[in-house]
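By written order: A, B, C and D. Residues from 1 in each chain.
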Amino acid sequence: MPADYTELKREACEANLALPRHGLINLTFGNASAIDRARGVFAIKPSGVDYAALKPADMVLIDLEGRPVEPANKLRPSSDTPTHRRLFLAFPEIGGVVHTHSSHATAFAQAGREIPIFGTTHADYFFGDIPVTRKLTDAEIGGGAYEWETGNVIVEHFGRRKKSPLDYPAILVNRHAPFTWGPTVAKAVEVAVAVECIARMALMSLQLDPSLAPIEPALLNKHFKRKHGPGAYYGQP
Amino acid sequence: MPADYTELKREACEANLALPRHGLINLTFGNASAIDRARGVFAIKPSGVDYAALKPADMVLIDLEGRPVEPANKLRPSSDTPTHRRLFLAFPEIGGVVHTHSSHATAFAQAGREIPIFGTTHADYFFGDIPVTRKLTDAEIGGGAYEWETGNVIVEHFGRRKKSPLDYPAILVNRHAPFTWGPTVAKAVEVAVAVECIARMALMSLQLDPSLAPIEPALLNKHFKRKHGPGAYYGQP
Amino acid sequence: MPADYTELKREACEANLALPRHGLINLTFGNASAIDRARGVFAIKPSGVDYAALKPADMVLIDLEGRPVEPANKLRPSSDTPTHRRLFLAFPEIGGVVHTHSSHATAFAQAGREIPIFGTTHADYFFGDIPVTRKLTDAEIGGGAYEWETGNVIVEHFGRRKKSPLDYPAILVNRHAPFTWGPTVAKAVEVAVAVECIARMALMSLQLDPSLAPIEPALLNKHFKRKHGPGAYYGQP
Amino acid sequence: MPADYTELKREACEANLALPRHGLINLTFGNASAIDRARGVFAIKPSGVDYAALKPADMVLIDLEGRPVEPANKLRPSSDTPTHRRLFLAFPEIGGVVHTHSSHATAFAQAGREIPIFGTTHADYFFGDIPVTRKLTDAEIGGGAYEWETGNVIVEHFGRRKKSPLDYPAILVNRHAPFTWGPTVAKAVEVAVAVECIARMALMSLQLDPSLAPIEPALLNKHFKRKHGPGAYYGQP
């Protein structure tokens, strides 16, 4: 009996449709993907298709070697597919990836600057600054695997610092824009909303005090742990 | 005959629903509560529940000792409940408390900066700057009663300066976000809208003149008194 | 036969309702009035009434001596009524007055700064900078006729400079907010929209170049005259 | 048999209606036109008509010598018609022109500053900075052909630098606002959306780093070529 990807496609489609609804999408930029870990297959938005027309059946299935699973589906996957695949391979704990060009977060990415952690809103989602990758080299850009290399600089950032991707579920790709992830793609969408909101408030806090220091470690710990890990007490049990 | 909290829950629910409608809520941050002073019981939003699904029956009743009034209601109250309770205990003249992470006000809170009173819009609501609390100490953050201590630094600010909470119906918790209050929770919602609007205009006025002085005392007096106290003549009698 | 003010009230009500629709109103701030010059009577918004509930019959009729025309109407007129009356008396060429606290224009007013004329959008509506009044003195504020004196500083500005109010159909009251006017109240609403839009763009242009010079006189002349006076050729004949 | 311009008018009308839907229009500023190259006739918005009431039959047909094609149509064309005509004459590869006063792009135009290319969002649409024209001389402004001269400074910019208008499908007219174009008017609308979005992000990136350098040539090349020219692989084949 052939595998049934109906639910996976529905989940990926719904996440893609949530992006413009949350005001995170300019033009057709942005894409979301969800993975079925048991089968090693993820569903991702087709390239350059208008969000208004998107439906679950349009989602493109790709396996972890990068091959299309349903050759009969004639739609090309998002051009950012290799970035998503790189992240799914490197971070086994994640179930979904989201990419947007949301305005405030992208402004930080363009400036090559991390988003400093200035308050509890930020600490509720991230265990520190939202990092920015190094720039890609000319060879990485022009070598024929640009989108895969984009994933590589993300993975490299986490590897070098031995940081857990679920403690820091977002990164800004230098000169480009944010990528977020989570245990599910729905959670990755929520993180994408948080990144944009936090970037907006950080930009304004920096206007008020250009040399503002990050929040105190005790407050960061308290707020992050209120929502994450064994001592969490936020939300319903 | 058991007490009937139907109206209290309706009032609290309506206030919570007004927050996203006024664009004051990012994600699920924010909560509103209304108190029945005769019974010493307040109704507050459950923790981490999506605003879209909120209904009066979901409101959680808490007494002024912090005990749930309806143990059959399985929903946890907002994690910020001890802050609300602290304010209801310290300020007997208030009937409702609202907490948001509205973007511009939170930008000031993150920067640890009061919102200076620059114009008559501000003076119509507040008898001076919108203050910011001191930072919590590590002991206050980590001692097991973080949200109660958040209420304490608010109360401490008013006690030290002998200011009336109804003349200054809002404060920014340092590194965190605004809390507002009023004789009713509906009025506390209106104040939360005013705080965000005033913060936004103050940020722009500061861009135009970083060393802008506050408004003149005569103008502050005139506008505040036009709307508050025995000489008020704004609105309908 | 008694005078029929149905049309005047409808016109004033429509203008008031247009303000929140254009995003110019925060809270209940703002009001619009329309005058019937033949009868020397103007219709204005009642004080502190929610825009959602406003209807033509609520408009309050005031004559140019400041007396209510329909004592049976129990609604108080806007507390800013004396300012409107002052303007109708001083500027016989105007048919309507609008007052808002729109965010960007108010940010300039709070900073006591005129809105410099930086481009053709501005020149299409105003024959130069959008001016700011001097501050009111303590005596003017506290002497019992604050709103009338607010009108006075506006009129004083025009008198001193011998400027025509229709060439400069808006002013910022220092520390307060914008007032606009026009041959009709509908036109005054359009000017209020223009003021906010122009203030927003000016604020951003100033961020890009804090010492930006105003536009060249030839361009100002060209654009203003394209839309105003005998040589106008914009719009339909 | 007389020429049928039904489709051309429909296309031009739809493009005009798309402008307020994308939030690019303030007041009645802005216009779009589409050309029928075979007949040398373009359809453009009538002057000063409210967008709400616009329908295909209102579009005004003008030939490349500037003469009205349907004298029975009593509506005046947009006052910017000579600018559109100048561009259609100089750039034979374009099929549509759009003019807006969108806020962020206009803020750059008012400041006489090009929009620097800071990221991949920008590089997906433009092969470098979005340029700004020189200022018009007093003679060009006052000589009776202001709008035609506006087109001339745009054309002059491209001629001098031997740049292709489809590699740089937008320009800011100094002190005025953006013009965009494309192979179709629908594409010119999309570019107008991109210009505003890119201007907004650039303004914020400049706030974060006032001396931010443009993106690296390899990244610009990669992103522009991903979407344009023979090696493009973005979107569906």
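Please note the rule applied: contacts are C-beta pairs under 8 Å (C-beta built on N, C-alpha and C of every residue); 3 or more make two chains touch, one makes a residue touch a chain.
Keep in mind it's a predicted model, so treat the numbers as computed, not measured.
Visitor: Please identify each chain that touches chain B as well as chain C.
Guide: Shared contacts of chain B and chain C: no chain.
Visitor: Taking contact as defined at the start, I'd like the list of chains shared as neighbours by chain C and chain D.
Guide: Chains touching both chain C and chain D: none.
Visitor: At the interface of chain A with chain B, does the proportion of residue numbers present on both copies reach over half, so same, or stay under half, so different?
Guide: Under half of the interface numbering overlaps between copies: different.
Visitor: State, to the nearest whole Å, the distance from the C-alpha centre of chain A to the C-alpha centre of chain C.
Guide: 47
Visitor: How many angstrom lie between the centres of chain A and chain D, each centre taken as the mean Cα position?
Guide: So the centroids are 33 Å from each other.
Visitor: Spell out, as numbers or ranges, the residues of chain A touching 2 or more other chains.
Guide: Touching at least two other chains: 207.
Visitor: So which chains end up touching which?
Guide: A-B, A-D, B-C, C-D
Visitor: Can you name the residues of chain A that touch chain D in the complex?
Guide: Answer in residue numbers: 26-27, 29, 46-49, 75-76, 79, 101, 103-104, 106-113, 135-136, 138, 141-142, 146, 175-177, 203, 206-207.
Visitor: Using the touch definition from the top, list the residues of chain C that touch chain D in their complex.
Guide: Answer in residue numbers: 118-121, 124, 190, 193-194, 197, 200-202, 204-205, 207-209, 212, 215-216, 218-219, 221-222, 226, 233-237.
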